[in-house]
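Structure in structure tokens, see below.
Just so it is clear, A, B, C and D label the chains in written order, and each chain counts residues from 1 on its own.
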Amino acid sequence: MARIAATAIAAAAFFVRVSLGVDNGLARTPQMGWNNWNAFACDVSEELILGAADKLVSLGFRDLGYTYVLLDDCWSAGRSENGSLQHNTTRFPNGMADVADQIHSRGMRFGMYSDAGSLTCGKYAGSLGHEDVDAKTFASWGVDYLKYDNCFNEGQSGTPLITYNRYKKMSVALNSTGRPILYSMCNWGEDYPWKWAETVANSWRISGDIGDSFQRPDARCPCGPDEGYNCDLAGFHCSAMNILGKVTSFVDKGIPGAWNDLDMLEVGNGGMTDSEYVVHFSMWAAVKSPLIMGNDIRSLSPSSFSILANPAVIAISQDPLSTSAVRRWRYPVEDVDEYGQGDIQLWSGQLAYGDYVVALLNTGNNARIMNATLVDIFRDEGPGGKPNSAQAWDVYDLWADRMSDDTANLILNSNGTALQNGTVSLPYNATKLSYADGLAKNTTALLGKYTTTIQPQGTLKANVTGHGIGFYRLRPHLGSQKRDEL
Amino acid sequence: MARIAATAIAAAAFFVRVSLGVDNGLARTPQMGWNNWNAFACDVSEELILGAADKLVSLGFRDLGYTYVLLDDCWSAGRSENGSLQHNTTRFPNGMADVADQIHSRGMRFGMYSDAGSLTCGKYAGSLGHEDVDAKTFASWGVDYLKYDNCFNEGQSGTPLITYNRYKKMSVALNSTGRPILYSMCNWGEDYPWKWAETVANSWRISGDIGDSFQRPDARCPCGPDEGYNCDLAGFHCSAMNILGKVTSFVDKGIPGAWNDLDMLEVGNGGMTDSEYVVHFSMWAAVKSPLIMGNDIRSLSPSSFSILANPAVIAISQDPLSTSAVRRWRYPVEDVDEYGQGDIQLWSGQLAYGDYVVALLNTGNNARIMNATLVDIFRDEGPGGKPNSAQAWDVYDLWADRMSDDTANLILNSNGTALQNGTVSLPYNATKLSYADGLAKNTTALLGKYTTTIQPQGTLKANVTGHGIGFYRLRPHLGSQKRDEL
Amino acid sequence: MARIAATAIAAAAFFVRVSLGVDNGLARTPQMGWNNWNAFACDVSEELILGAADKLVSLGFRDLGYTYVLLDDCWSAGRSENGSLQHNTTRFPNGMADVADQIHSRGMRFGMYSDAGSLTCGKYAGSLGHEDVDAKTFASWGVDYLKYDNCFNEGQSGTPLITYNRYKKMSVALNSTGRPILYSMCNWGEDYPWKWAETVANSWRISGDIGDSFQRPDARCPCGPDEGYNCDLAGFHCSAMNILGKVTSFVDKGIPGAWNDLDMLEVGNGGMTDSEYVVHFSMWAAVKSPLIMGNDIRSLSPSSFSILANPAVIAISQDPLSTSAVRRWRYPVEDVDEYGQGDIQLWSGQLAYGDYVVALLNTGNNARIMNATLVDIFRDEGPGGKPNSAQAWDVYDLWADRMSDDTANLILNSNGTALQNGTVSLPYNATKLSYADGLAKNTTALLGKYTTTIQPQGTLKANVTGHGIGFYRLRPHLGSQKRDEL
Amino acid sequence: MARIAATAIAAAAFFVRVSLGVDNGLARTPQMGWNNWNAFACDVSEELILGAADKLVSLGFRDLGYTYVLLDDCWSAGRSENGSLQHNTTRFPNGMADVADQIHSRGMRFGMYSDAGSLTCGKYAGSLGHEDVDAKTFASWGVDYLKYDNCFNEGQSGTPLITYNRYKKMSVALNSTGRPILYSMCNWGEDYPWKWAETVANSWRISGDIGDSFQRPDARCPCGPDEGYNCDLAGFHCSAMNILGKVTSFVDKGIPGAWNDLDMLEVGNGGMTDSEYVVHFSMWAAVKSPLIMGNDIRSLSPSSFSILANPAVIAISQDPLSTSAVRRWRYPVEDVDEYGQGDIQLWSGQLAYGDYVVALLNTGNNARIMNATLVDIFRDEGPGGKPNSAQAWDVYDLWADRMSDDTANLILNSNGTALQNGTVSLPYNATKLSYADGLAKNTTALLGKYTTTIQPQGTLKANVTGHGIGFYRLRPHLGSQKRDEL
């Protein structure tokens, strides 16, 4: 039998203690945060990281749920004579424990980076063979999150078991420290981690590194979007739609505490249009990927800010049912781009409290009317989508209430003081009310904007721009009843 | 040399003891029964299982050969302090031994479920590393059948040897209990079990989980019907025709005691038309898959009942020659469905006593006349299908005597008392006369309905409905002789 | 660097002892003989084997080089209490040592069969874990050849190393007996034996079992002719052209003492036309496959006899240079058969003494003029095929001197006495003069019939029948010089 | 994260000691030299090797950077009784140490050959299991370079770990000798060496052996140019464009000290046109393959000489930034050759000192105008190729200053004395000024010939001959400033 969705075992939850994920209690929903790599690569420093942390707080991102501040490769000065990793004292003059303290003092959590090989990708000392001592070092510094890479792995790959054993060592080492440390496996999908990593790690990368491109093929990312489950070379410079395609066949493998990781977000880095970034962010939320910003947080555009700060979309990611959307159909279109790419896709998936998420994805060049029948949207519910397809549904547009550029500008230009002084307000504050609780209370900011009602056996129609998405929350239509009367 | 068919070694049977399958004496023909998963998933209880057992008896299914009552995942309350699995006492207040006793008292056999991983798919305690103690527990409860799943397998896959070793442990453990327990491997075809499982298990799944669909592609079952022998991700929500296609290249691997398992039947679950379910059931019989019902036995429709209760088709499954039908040809058609699917196929295979089974399969949208030459039907016999193609054959339609809806309704509505009181009669009672013996005696109910005779070098013609099948038993035409004079 | 052809190391032969193949001194050229499987399967007996041996002698096959008489599966009565294999005493009342003696007394060699698994394909006791004792048994019986199969291998496959270790055990065991026993690996090409078996075995099967068909696809042989080097399921019922295609990319792997085995010959079994069998036999010779007849030697047709008894073609197989022909080009044609198959191919390869073999293969339906330029024929010699393409070549047709049906009938109908009494003569007697020596002496029967001379930079043209072959030996044109003056 | 380019870690170089490649300090740029195999195969001798060394000196190749003289297979006389390899005393009457001394005395370095198997490809004693003693032998002889082949590897392949362990043994053994020996892995790309070999070897072959052909498919090299990262049979007789295609997806894996090896050069062997050899040499330089000549150095044509002696192209190979060019796009063309091959490709990559290399590759039959936008050329720099695409660039044609045939003839016909006596001059002398230093000093001979300036957002246009290349160095356009004023 296939692994069953969270819903199917809801009934069981009353009877047995269910051990989920790596069993450290973390990442019950996909982790959110910021990482320096995509925008800064090796150019890291205490100043950069703490500056980013400050920005995450002042611009409201922390309160929107982006709580992890992640330092990637190149922080190291190698291994000391006593065998422990040392930080680069020029770049981090106050040391990593201080960085962690400062981040903790801002109400955020601190992540670092190492590699399950002899060297990191940047050719600093790796942790292969040093798992215990390095885990202890990270714990002693107050680290809350470890991204664990795959370069220079000394041939230790090729079967699931070889890779599992290599990555499990750090998993055990981290757990042995007694400190809860989110364990983010970054082996680029080699040896099918979706088949085995859920008992080892809190998330696992499913592809080569993302590049800041919507769907341009790149020779260095040789596997196509339909080859995610059987790719012999992860590569890098993979486009957003390439990676989305790759996860399609195993979206169900993400479960609370253990997620498919589609890599960090490119929103704000300039390689895609606004509409493309909207697709990128929406779909990462829909398939329950971690949402880790990879931008230069110091110089965000209003449009990038308003994408990343959309609580109605984040609420899809952080939905307590924790079930990924599924691609229901895909058809080629003729208005392809210069690379020959273009199709239309329907995705849908169950949410908590009886809601559903629907994505009408148009990767063709031109805007078009897209149609999604309730039968297709509710494919998994029963024959013909019943019983769900036989009732009416209210449609909430998840982007209709997107923050205006004016508001975003106010926040950005004031470095967030417009938020603190109440000139404008953050659309949602998850520090005060978790997304799960907010959804339970039908908080408006999390639901999107009501647009229409689909009749039983009806069809959701939307005009979707080229390289764009219609992204909706469907709620059971209650007629004259009010929802909270149910 | 390739493994040889049962016929080819018939002569050898007089000389040496032939060790077949897992060598526990079970499943000499493909197992038949009922399992709760497809219809009820984790919603299991003593009441459900025993209720199903009662239904299987009263409706006549037991006497048609469906003798295994199988309890799937979610029965567990985890592992006790002494290390043995415990049942959920709320759901099974009288314990599993009592359930087994009750089922045995009804003349049936009881099956349970575990997983060759740290957790079951439903995230209960798995048996990996606990094979011996769990096998003893199952034996002590009187269990007759173990479905053994593949979730959370801790990376122990990737080569046949790794997987073989993992599954063999339970095989040895079950054999060591001294109780004959049918061992049903459920590793979704990973690592090519058709290459090695016949000495370990009584059956092995060859694909991801079936979904209740005839041939709709699903993104979560990424390998197509021609990729059964080289699929890197089993997935789930696989359609019936997808799974049938997958077994095509290794149908010969099923031998007495060790069968290719195409997963449980969806007949009665509502996702296919009657004609599609007829195809599904016929082909599962033709390729010697276990026939395990996966429906809600309490609410069967007459049409579903009359499919499952067709002894002429079951006799193909339980034929003592135990040789799978083989696909002889396949051609695309133009009347494809909305997913682009559609073809025509000819399958044929040898049966005991000189008979043959022929399936004319039409997965196109429209009804069509299909033709199968004797040359093609008897491809394996010799050049040009000789000597068989040079003789005349009587054609028996295996669905022509299908039970009427009226009769089925009488049985279903009376909860079987119409059977007990003789108002109607069960078409066949395998409890009294095995299929092998019934065939040896030319029992009419097992042969189908005579329709025509094909002349030497002739052609079998049939009008086959869209998404339908012509399913026939061919018998040597005896001229004026009577068959029992031979 | 790629493994180099025998020619390239000719110079080296004077300096060092070169260790070739499995190092038992056997199969310096591809082995030739007869095996019962294709025609008789499990229906074996002393009578059958010795009768075949008699026929091989009386019809002249032994003297044509078919010296191995091979008994396949089903001879066994299992393993005795002392652990050694026992023969079936009903079928072989005088025992295997007696069979061996009788075969030896006829000037032939005796081969037997076992399996690198727990059971043979026919489900008799296998040799896995019993290699030493079984090798000793075979040696004690006087066995000269072991075909070693792959059924029921207990999951011991999946990487070259696992399979190598399994098959090497028997290799070592056979060598340890002190008796030279030709070791014929039959693992169906699993785990790429062409990459590693040359130090273990004298030959290795490269595909699933052959079926008696020219190029009909069969669902049970799922890999196409271009997938020989990356096939995940060997299958069986593979057509002759399917198997030929499969070896194409690694023809160079056959070296003296270690050969690619394309499986036994179907010539005489009735599933192909005469022209197709001519292709089959020619190409098996051209690519240096073992030539093991698989027919009913008692009832050969004249045309089958004259194919198998063509010394000019056998001389290609047994050529002392031991270099396979290579496919130079292949183009699709439009006159395909009912299965969509059809192409034209040019093969050529170097022979000893400066000759070359050329095959113009037409798998299309219709006869056609085919052209092969000297540039293409001598592709490997140097740029533009120079220097060979710049000289003239005499063309010898290897089938032009094929024995007439009248002669063949005389031999067959007289059970060979027409040979013994000199009414007709065998075209060649390799018992008296080896093929190598016969070629060195320019023996006419080995060279084919002169037909034409190709001028420098010219083209070989031939009218090739549908499903047919033009098969030629090219010899340097000597002008007025005689060859033996050189 | 993907492994990062050398540029990205430039900043880090000030902080930590970076361990690169196999850590023997060699091959900081791709090695250059000459090897006898392609032209002479096994026909080796002291005379041949020293004669080649003399030619390399006299013709100026040593001073152009071709400093390694490499003796390939067939030098051996097997293993002596004490277990060490012995040279063939007929071919090398003065022994290998003497050969090494002589080569060293000419200011060059000496390489030899062995095999990670029981036999070399030429069937001499291999080093598998003898790594330590053989490494010591090589070191004792004064060997500077080991090409380590993959024949007869006894099944030790199939996963990266198995192959890594096999090749690492020799790596450790070589390092243990204390003598720096460049370690050139030749396992034909099996088991993905680009994933793991950089900590083991200085270079690794990525494909089967090259054949002297531009793009003709050969049946013995079955994987196409797009299957470099997932090829199950390396084969041989691979064309230059086939191998170039194969490296495309992992060009980034080459780093200082550890290079992708596309196999030895065929320039001068006659199988390609001059234009094709220009492509071959240019692209080997662009992707940072070792540049090992494989010709008969005694009989070079002027055109081959002037290809190999082009310092502006060699400077691309030896560029100190050590970053491979990347394929930016590829489109099919209609003017394909007789094999159906033909496309156009754009490659570009970063060089040291802010320069870039651009290759406009035309594998179609006909000359054509090709266009490359700055946006595409600078794809990796940032969105829209910014900031680089927004500035002007000077274009230097790397072939415009190619040596004339007259000059080449003078050098060749005089056996280099025309160089020594100053009649003509070598275009560059890397013995006196390294390529890195020459580039730092803007040495004209290394830069190519200025042809035009591309305006911001402009397009590079070039008329590229069929089977030809436009190969350029782009330098930032400095307006009225002089470069050395910057």
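In the analysis below, a contact is a pair of C-beta atoms (placed from the backbone, for glycine too) under 8 Å apart; a residue touches a chain by one contact, two chains touch by 3 or more.
Computed from a predicted model, the values in this text were never measured in an experiment.
Between chain A and chain B, two touching copies, which fits better, same or different residues at the interface, with half of the numbers shared as the threshold?
Answer different: the two copies use largely distinct residue numbers here.
What is the Cα-based rotation angle between copies chain C and chain D, on a 0 to 180° scale and rounded to a multiple of 5?
An angle of 90 degrees brings one copy onto the other.
Once you find the CA centre of chain A and the CA centre of chain B, what distance in Å lies between them?
Measuring from centre to centre gives 42 Å for this pair.
Nearest whole angstrom, what separates the Cα centre of chain A from the Cα centre of chain C?
Distance between chain centres: 59 Å.
Please set out, as single numbers or ranges, the residues of chain A touching at least two other chains.
Correct list: 159.
Using the touch rule from the top of the page, what pairs of chains touch, sorted by label?
A-B, A-D, B-C, C-D
Taking the complex as given, what residues does chain A use to touch chain D?
Those in contact with chain D are residues 37, 41-43, 72-74, 76-78, 88, 90-91, 118-119, 121-124, 149, 151-159, 162, 186, 188, 208-209, 212, 219-222, 232-233, 235-237, 269-271.
With touch defined as at the start, can you tell me which chain C residues reach chain D in the complex?
By the definition above, chain C touches chain D via 1-4, 8-9, 11-12, 15-20, 159-161, 163-165, 168, 191-192, 195-196, 198-199, 226, 229-230, 248-252, 326-328, 330, 380, 382-384.
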